Structures are given as C-alpha cells and as structure tokens.
Amino acid sequence: MPTLESLPHVLPEVALAVTAAALFVLEALWQPRGRARRVGFPLLALGGLLAALLFLVASPSSAEPRFFGGLLTQDPFSTFVRGVAIVATALAVGLALGSPSLPSNRRVEYHGLLVLLALGMCLLSSAGHLLMIYVAIEIVSLTSYLLAGFDDRGGRSAEAGLKYVLFGGVASGVMLFGFSLLFGLFGDLSLSGLGQALAHSTTLSTGAGRWATLLALVFVLAGLGFKIAAVPFHMWCPDVYEGAPTPFTALLSVGPKAAGFAVLLRFGTGLWPELATDAAAATSALPWLLLLGVMSTVTMTVGNLAAIWQDNLKRLLAYSSIAHAGYMLMGVVAGGREGPGAVAVYLAVYLIMNIGAFAVVSAVDRSAHSEDIGVYHGLGRRAPLLALAMAVFLLSLTGLPPTAGFVGKLYLFASLIHHGGFWYVLLAVVGVLNSVVSLYFYARVLRAMFLESAAGEPAPVSLANSAAALAVVLAVPTLALGIFWQPLAAIANFSGSLF
Amino acid sequence: MTATIFILLAALAVLGAVLAVLLPNAVHAAMALIVMLVATAGIYLLLSAPFVAVIQIAVYAGAIMVLFLFVIMLMNVELRIPLRRWTLVAGTVAGGLFLYQTVHLLRGVMDDQARSGADGFGSAHEVSSVLFAEYVVPFELVSVLLLVAIVAAVVLGKREAA
Amino acid sequence: MQQHRTGPAWGQEEKLIPLSHTILLSAVLFAVGTVGFLVRRSAVMMLVCVEIMLNAANIAFIAFARHHLSMAGHIWVFVVITVAAGEAAIGLALIVALARERGTIQVDELRSLKG
Amino acid sequence: MDAVVLTGGRLLTLLVFMPSVAGALCALSRSSRAAAVWALLGSGVPLILGAAAVCGFDASAAGFQWVERVDWIPSLGISYHMGVDGVSWPLVLLTLLLTFLSLVYSIGRIQNATRLYYASFLWLETGLMGVFCALDMILFFVFWEWVLIPMYFIIGYWGGARRIYAALKFFLYTMLGSAFMLVALLVTAHLYHQATGAWSFDWADWVAIRDTIDPNLQLWLFSAFAFSFAIKVPAWPFHTWLPDAHTEAPTAGSVILAGVLLKMGAYGFLRFGLPLFPEGAVQAAPVMVGLGLAGILLGAAASYVQTDLKKLVAYSSVSHMGFVVLGIFSFTLEGAAGATIQMVNHGLSTGALFLMVGIIYERTHKRGVTDFGGLAKTMPLYATVSVILVLSSVGLPGLNGFVGEFLVIAGAMKARPLYAFVSALGVILAAVYLLSMVRKVFWGEANANLHGLSDLTWRETAVFLPLLLFIVVIGVYPAPFLEVSEGALKAILEGVAP
C-alpha cells in the first residue's frame, strides 16, 4: 500500500510521536512548575499512550497487510505486540510517579523518551523490511541507553548506560554486517522479497549459498538476540537491569523483549513463509530452527543457573528474564499457528507478572534503599499485602498453577508438543526441568519474605506509593488469569497468525 | 587505473583501522580513524556513490570524529591503557578464520561480473528521489533518533556532579 | 567492456572494481573492528572500534548496491551514518557523565555493578 | 437426609472449596480465637457433610457419582469436572477426617502466626480434596501443584530446626516429578487431538482413546506419570525427601503429609497410571513391583536403625506404602483392594503415630528412642493408645493393618509367589522394629527425669477416639470398606488384568 493510504493504519505511532513532541516542546517553551509539572506531564504521557492504544484497537482492518510499500507489515500478532508495548510503557509511567531513582528536574524528558521508546517498539514489532527493522531497533536501543543511564544519584546508572551502549553498539554492528550480507546475497531488503528469493533461487538454497545465508542469519541473530537478551548476547542484561532506574528496568524487561520476539518471528516467517502455516514442511528452515532451539536451551539453562547465585533482586530478576527469553524461544521454534500464539500468551502473562515483580522491588527500594535480598527478610510481616503480591508474581514466574504463568508455560510446551517430533518434545522437557530449577531461586525470595525474620529494626515499607499500588493491582490479574484463562486463549487464537 | 586507486585506498583504510585499534594514545588512534574514514569516502566515489561519499566526509569525518576528539581531549584522562594482549592474539586468529570463511562463502555465491550503471546512479538526485519516495518513513524516523541524541546531550551533559 | 556513466568524472570509463575486492576489504575492516572492541579497555576506544565495524558494513552496502544496481544500499548507509552519530553522541555523553563521577573510563574498572 | 440433595448437587464443590473460604476468613480474622472457630467450622462442616453423604454413596455402581461438569476453557476442551468413585471416596473421607483432627489437635499449640497456620491447613485441604475429585487432567494438575504451596509454608514456617531445607527439598522434589507429568499430559492431549481432531483434557475421553496409543509410547507416558507419582508415594529410591519433610514438619503437618499427601501418589497410579496407559503399566509392572518390594524391605531396615522416633515412623511409611505399590501392580483385585484399604489404614495409624510422637515431644522436647523408658507406668493411657496403634501398624489380626497387608500379600501370591514371600518378610521386619521400639519406650527402666508427665488430656483423647474406632472396625469387619471400592477397582483393572 502506498504512503498516503497507509497513514490511517499507523495512527497509534503517529499519536505516540505527537505526544513525545508535545512533551519536549512544552518543557522547552513553557517550563511549568509545581503540580502541573509533577502530575500534568505524566498525565499527558499516559493520555498519549491511551490514545495510541485506542487507535490500535480501532485500527481499520485491511485486506492488504503491507504498508508504505512493504516497510511495515501489520498482522494480528504485531497488533497484539504493539498493544503489549504500549501497556508496558504506560505501566512504566505509572511506576515512575514519585520514584526517587529519577532526577526530579528531568521527569519530562523521561516521559518523552518513554513514549519514543514505545514508538520504536511499535515500529519494530510490525517492521517488514530490513531497513525498518534496523531503524526501529536503533530507536529502541538509543532511547534505552539513555534511560538506563538516567539516574543521577551516583555512578551505577551511568555505568549501566555505558555498558549498554558498548554491548548494544557491537551487537547492532554485527547485525548490520549480517544485513549487508543479506542485501548482497538476495539483492532485496523486504522480508517478503527475501522469502521469494530464497524459495526460487537454487544458488541460495544449496551448497555455498546456503552456508552464506546461514552465516548472514547468524550475524542477524546476534542483534536480535541482544534485544531479547538471549545467551550468548545476554552479558549486558544483569548489569544494565541493576544499574538502570527500576521503573525503566521493569519496562526494559518486557517491552523491547516483546518487540524483539515479534521481529524474530516475522524474520522467520518472512524468509520461510511455510513456518507460519505448517512448520513441519519448512525443511529449508531447519538450520534456523536448530539455531533457535539451541539458543533456547542454552538461554533458559544459563539464565536459571546463574540466577541461583544472585543476592540482588534486580540481578536475580535480570537472569530470570534471560531464562524467560529462553522459554519464549520455544514458541518461536514451534512455529505454525500455535507457536506465535503461545508466544503472545506468554508475553501477555510476562508483561503482568514481571512488571509486577519489579513494582514490588521498586516499592521496597523506596523505603529500604536497597535491592538486596536481605531487606526482604520478614517482608511478610512488615508489608503482608506487598509480600503476598510478590509471592503471586514469583509463583507465576515459576509457572505454578493457579497463576497466569502456568497458563503461559502450558501454551508454550503445548505448542512444541503439538508440533511433534522427538527434538521438539525434548526441548519441552528441557523447558519444564528449567522451571524446576527456577523454583529454587524464586523460593529463596519466598523464604526470605515469609520464613526468615528481619535482623534489627528494618525501615517500615510504605504502601502509599504508585509502585506498591501497581504491584497489588497487577497481582489480581496474575491470579485471575490463572484460574480463568479464556481471555488468554482468545489472545492465542487472535495473534497466532503472522504474514 | 581505478583498480590501483582502489588498492591504495583500501590499504590506507585498513592501515587506519589497524592503527586506530593498536595505537596506545587515544588522540593518535582517533586521527588514524579519520584517515580510515576519508579513505572509505574515496572508495565510495569509486563505487559510484558520490553522495554518500560527501556525507561520509561531512558527517562522519567532520562531525562525529570531532566529537570523539573533543571528548578525548576535554576529559584529559590518562588514556594509555594497555591492550588485552592475549585477547589480541586469540582475536586475530579468530578474525582471520572468520575472514577466510566469509570471503570463501561469498565468492562461491556472487559473481564478480560488473554491471553497467543506470544514468546518474548514486548521484544526489537519484538518492533523494528514492529517499523521499520509497524510504520517506525511515527518513522521518531517523529524525527521532537525532532527537533522542539531542535529549541525551542535554540530560547527561547538564547533569550536576553529585 | 560495457560503458557506464557514474557520478564522478574520473571514475568513468574505467574498469569496475571486482565485488570480491570490496567484500574482502569490508570483511577485513569488520574483523579489525571486532578484534579491536575486544582488546581495547577504554570505553572511548571501544566506541571507536564500533565505528570501524559500522564502516565495514557500509562499504559492503555500497558495493552490493553497485552490484545489484539498487539505490537501497545508499539509503541504508545514509541511515547508518545518522545512527552512528546518535550512538556516538549518547555514548560519549555517558562517558563524560561517568568520568565526572569516577574519573575513569577504563571498562575494567567499572565494577560497581558486579559483572 | 440426603446430603447431596441438600447441597443442590454441588456436594463435591462445597466439600472442596468450603475449607478455602474458611481459610481466607481465618487469615483475615482479628484474633487467633476467632480464627480457631473458623478453622473448626471450615474443616468440621465439610466433615459432617461428607459423613452425611456416606449413605448416599452407591457402592454397587462402578462409575463416578455426584458428577459436576462446567465448561472452563471450552476452546481446549478443559472443563471443571468433578466426581468420586469407590477409590477416591474413601480418600476424600480420610482427608476430611484427618484435617479436622489435625486442626483440633493444633488449637492452642501454635504460637506463631496462628491464623495463617489454620489457613494453610484449610487451603491444603482444598488442594488434597481437589486431587481426589478432579476428573479433568488440567484441573487435576492444578490441584496437584496447589498442594505444594501451603505444605511448603507449613513445613518451612512452623517446622523444626532444619525446616527451610526440608521445605525446599519437598517442594523441589515434587515439582520435579510433576514437571515430567506435565509434559506427558500435553503429549497425551496431543495424541487425543490426533486421534479425534478435537481438544479434550477429560479423563474419560482419554481413557476412550487409550487403545490408539502405541504401546512403546504408552510406556514412556506411563513412566513420566509414574515418576511423579513415585516421588509422591514415595517409592524407593525417590523417598529421600520424605524423612526430612516428616521430621521437620510440625506434628499436624506430619499427620497430613503421611496420612493424605502420600496417598496422592498411590491414587495417581490407580486413577491415571493404569487406566490411561494400561499397556505401559503392564510393561512397567515388574519394575514397579521391584520398587515396591525394595521400599518394603529397605524402609523397614531403615526404620530399624533409627534413633529418632519421628524418623522411625517416617521410614515405616516408606515400608507401608511399598505394600500399596505392590498391591496395585499385582494387577489382581485382591491386591488392588488391599492397596486401597492399606492407603486408608496407613493414613489412620501412621497419622495417629505422628500425633503420639508429637505429644511426647511437646511434653519432653525429646524424641529419641532411648530417651524414654517405662512410659507405660507414667502415662498409662498414652501407652495403651500407642500400643494399639503400633499393633495396627504391625498388622496384628483383628486390627485394620492386617486386612490391607493380608490382601496385598494374597494378591501378590496370585501374581507371583515370590512377591508374596518377600513382602511377608517385610511384615516380620515391621514387627521387629516396631515392637523393639515399644519395648524401649514403654517398658524397661524409667528415665529419671521423666516423672510427673501428664497423661493424655481429654482433647487429645478425643482426637484419638475416632481414629481408634476406625482402626478396630476395619480390623474386625472390613467387608463394607472393601465393597465400596470393588466396582471401581474392577473397572480400573480391566485394561491391565492378565
């Protein structure tokens, strides 16, 4: 679809861009003080996000999914992931209200950057062209680098930002090289064009051509793996999560990961369209699936094993988020309709439970000024509601019923098993075994909160802040969706299709 | 003739890159990088990409490298930091293998057959007609990137030391 | 030899550069940049090495653009240069902020986060 | 009055979820006294309802009774499907009784977080009852995992010195088991989808397609389920979590753990292992019998060398549950009936034995076998009750233990006489270690600093009375208890009987 006719389909993105621009311009020209500043700007950001969400829900359906001459592809999956990105950003805005980790004179920039990040994630999840993928990844990355280094109370945050830039720069450099090779090999940049070239060219699917394509894909995978924090491109993750301001860490662990998964899935189905319909038929995609399968196995295992040794809750959750990337990769490997559907369900669940867990960390941090597991001792007595919410999130992250996390894992494993075949079932077994390992470190937090008592006189944990409120609110759907998960089934049904 | 120029420029670029990696003094290394960037611009000219070559000189060699030099000199911190020697050895070996593999693979796939260019291929006119027709969306989005960079400069640059 | 007309006058009517030459150059630069990133310990120099990697990819794009006669490669390089500028700006700004607080930009010494 | 009619056909839902609601009220109540009232109501009312429904249970019917079925996730064929048959109904009653008695026993004995203690037991009860009533595989799995969380806290918070370690070990072991079960469950669902083109997680639907599953695959699936169940039973060599968990858990926790939790595994074999994958079960039977026999002998041997009373009783559980496994995998009606009644017996007598150990530990803060002596003189009532319980556990004719073990051995004899011989050895070993324990604790020289111990209080006696009653009644007149499960067991054995 040409440019002008495409515009109605990107109204959410337009709304986000306008909101960000409004935030920056208002701050520069008007510089309001007091309440207008404290409340007005976050409200403006939330309003913009809400508008984007409404536009997204009401977006006109179109028979032709490709917009701007193939730069953007919109399918149910991308629509869903865009929704996840926008909601996650809105939650991060809420989490930031009154957070001490953000400098008070830079709040407006923070919100503007968040909205731009949401824009980047939306574009990334619907990018259907290598150049769009690159630009969108860079928008997401650049805003993330800056937001990771936003906290000005000592060097932890700036250090996190710098490490993020360095790792991110190299990852995107490698990916770029991979893109250049793809461009050279295929002479085309749109994913559909690549798919057609791959299907029809014999030089590319045999002999050296096949290996050259695979080499390029490995390079590309470095960049995408970096975005979803998959092993071996995960090294930045614990440091950045720990150093970045917690409200942003919460978003970082969900939003860019969701967009990364969207683009990973789209990349696969773009190159091998049969992956979207009948994954078993896509024999030429086997090396790609093998790569992803190995990546999934290694990612969840490394993430879970490393998390066992962490004493800092943010680092623990960082490794746990690496492990969850591994779980979600299982859905990517499964392919078909079930795979993306399962990934979508898991993303929805992960959005709620992981942001919830970070909200608890943020709430505790506000009074205890620490993320060490030691300050969680006796939390069950000091702040029962908060501890209960955290327990729900942790059990959900483990994948125990009756929480939403169980449903998410159920869909992922089921998608693999439904695909059939020994290796797929084996991957599912690795996945469930990893859930058992993960129980070990999640239970450590449970134990700290409920079974240990606090040493000395710990600071009382206040519930009267946005983070605690958000945590308690998010615990409700985590439980409710675990018991009644028809909405999740609807998500799986809706977003299973990619084109 | 073109081939000779290309080989000269390529040698210059590789030399600049290697020096940028190896020179202990950061200022010298940055200078070496500028040599590499200019040589690359020359190669762009040879590859019928005059517009990109100009951008390369103006933005890369001009703006970005000035920024680097500015920071290096402004901070005035000791930058003679030794290299990780064993990594250098291992990296060179791995890099060599990688090179061999990549080139070997690509040679098997791509023909060296040169094609004649269309009229004005790579000129500013041609670039702009494609840029503002087909790729106008990425072009607009690139401005978002620059906006973020500007905000970064303001937020981080004007930060009062704790 | 086929005739072709390219922008610069002095590039005209010459033999075209074989694709394999440019790809070799690109791969060499990419390897040098990657190795450099691994061996350098100063954050500024690591950023410099990232710039080398980006340039390597750019050369490949321009060469392939010539090969396929597709302007997309040029557009891409245009975008990459802008991205490089933004990345360098943010990276250098973070380095300055950090150097003000710590007085070091040596990555080995950035240890407040257990790495 | 028919309890089922009284509850409008929702008897099982009420039985399962009433404790949970009461548990929430406990947790929210203002004083521990109010919480105790809620706890007694929350476990007592279902018990009364259950007892009232006993007459309404049709023992002659083979199918499920009081079935409730509501769509849950229709797109995947998952439903809220509950029902009991002759195998699960006794276990439901056992759960109701033991939870109620545990709570009665606990009142006034717990000082820390009392309200949550009651609540945990009530929530645990919901999970346990759900496991026995669920007829949908996902529903079953949810209840199965549900049990872990309250039990983790019961052991981990109110337990002994090494409680945190024991709680985590219990949690990890059982979750490891259920992990494999989950995969097998999904594979079976996939096979069902392949066979019929529709999704269903209903137990009955899966039974209907069991013949379409390749025997080799059946063995794998059965093994995955069996792994999970064997950990829960626990069959040797998967039992290592049990001594730790039992020893560290608070008294009432041990009672439920031994009395009900272990039955989940054995019940799993009967309800799921055998009917869903009969061919797999037949192939795996020699191994399972071997594990059962190993459990009987090694559990007894381990009991013999224990110096800690609680550990002794814990290891005796391994031995007794070995009989259950043996009975089930003899694939004879006698064996299965023996296993079923042995499950109930073990719940009654071992649960009661844990109470006895708890009572003496509370009074003396000791529980070594050699710490006591002459208790028969100082605490006559306590000694009498204990000896009856021990004799029941040993399998003295006239008490309940005999019925179960005799039937299991008879079944084993039918299957292969060697099995019967080895298991009979276990009965003798049980007599050796239990009676030598009785001799050391209740007779002999009285320990000097044990004078002035108070005997059982009236409340403690009241807790034991119903247990003793059943121990004697089942021992003397077992027929009605056997008849209840006969029809259901016949149906279960249909696919595996030689």
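By letter and in written order, the chains are A, B, C and D; residue numbering begins at 1 in each of them.
As a convention for this text, a residue touches a chain if its C-beta (ideal position, glycine included) is under 8 Å from a C-beta of that chain, and two chains touch if they have at least 3 such contacts.
Values in this document were obtained by computation on a predicted structure and should not be read as measured data.
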Farthest chain from chain D, comparing Cα centres? B
Centrality ranking, top chain (CA atoms only): A
Round to the nearest whole Å and give the separation of the Cα centres of chain B and chain C. 3
Between chain B and chain D, centroid-to-centroid distance (C-alpha), Å: 71
Between chain A and chain B, tell me the centre distance in angstrom, where each centre is the average of that chain's C-alpha atoms. 31
Distance between the centres, which are taken as Cα means, of chain D and chain C, whole angstrom: 68
What parts of chain A, by residue number, touch at least two of the other chains? 131, 135, 138, 142, 145-146, 149, 154, 158, 181, 184
Can you pull out the residues of chain C that are in contact with at least two other chains? 23, 33-34, 47, 58, 63, 65, 67, 72, 75, 79, 83, 86, 90, 94-95, 97, 101
Using the touch definition from the top, which residues of chain D touch two or more other chains? none
Pairs of chains, among all present, that meet the touch criterion: A-B, A-C, A-D, B-C
Tell me, which parts of chain A touch chain D in their complex? 395, 400-402, 406, 410, 413-414, 417-418, 420, 425, 428-429, 432-433, 435-436, 439-440, 443, 446-447, 450-451, 484-486, 489, 493
Mind listing the chain B positions that touch chain C in their complex? 1-3, 6-7, 10, 13-14, 17-18, 20-21, 26, 29-30, 33, 36-37, 40, 43-52, 55-56, 59-60, 63-64, 67-68, 71-72, 74-75, 77, 79, 81-85, 87-88, 91-92, 94-96, 98-99, 102-103, 106-107, 110-112, 114-123, 126-127, 130-131, 134-135, 138-139, 142, 145-146, 148-150, 152-153, 155-157, 159, 161-162
Give every residue of chain A touching chain C within the complex, in rising order. 131, 134-135, 138, 142, 145-146, 149, 154-156, 158-163, 165-166, 169-170, 172-174, 176-177, 179-181, 183-184, 187, 189, 238-239, 242-243, 312, 315
Quick check: in the complex, which residue numbers of chain D touch chain A? 72-76, 138, 141-142, 145-146, 148-149, 152-153, 156-157, 163-164, 167-168, 171-172, 175-176, 179-180, 182-183, 186-187, 189-190, 193
With touch defined as at the start, can you tell me which chain A residues reach chain B in the complex? 3, 17, 20, 24, 68-69, 71-72, 103, 106, 109, 112-113, 116, 119-120, 123, 131-132, 135-136, 138-139, 142-143, 145-146, 149-150, 152-154, 158, 181, 184-185, 203-204, 207-209, 211-212, 215
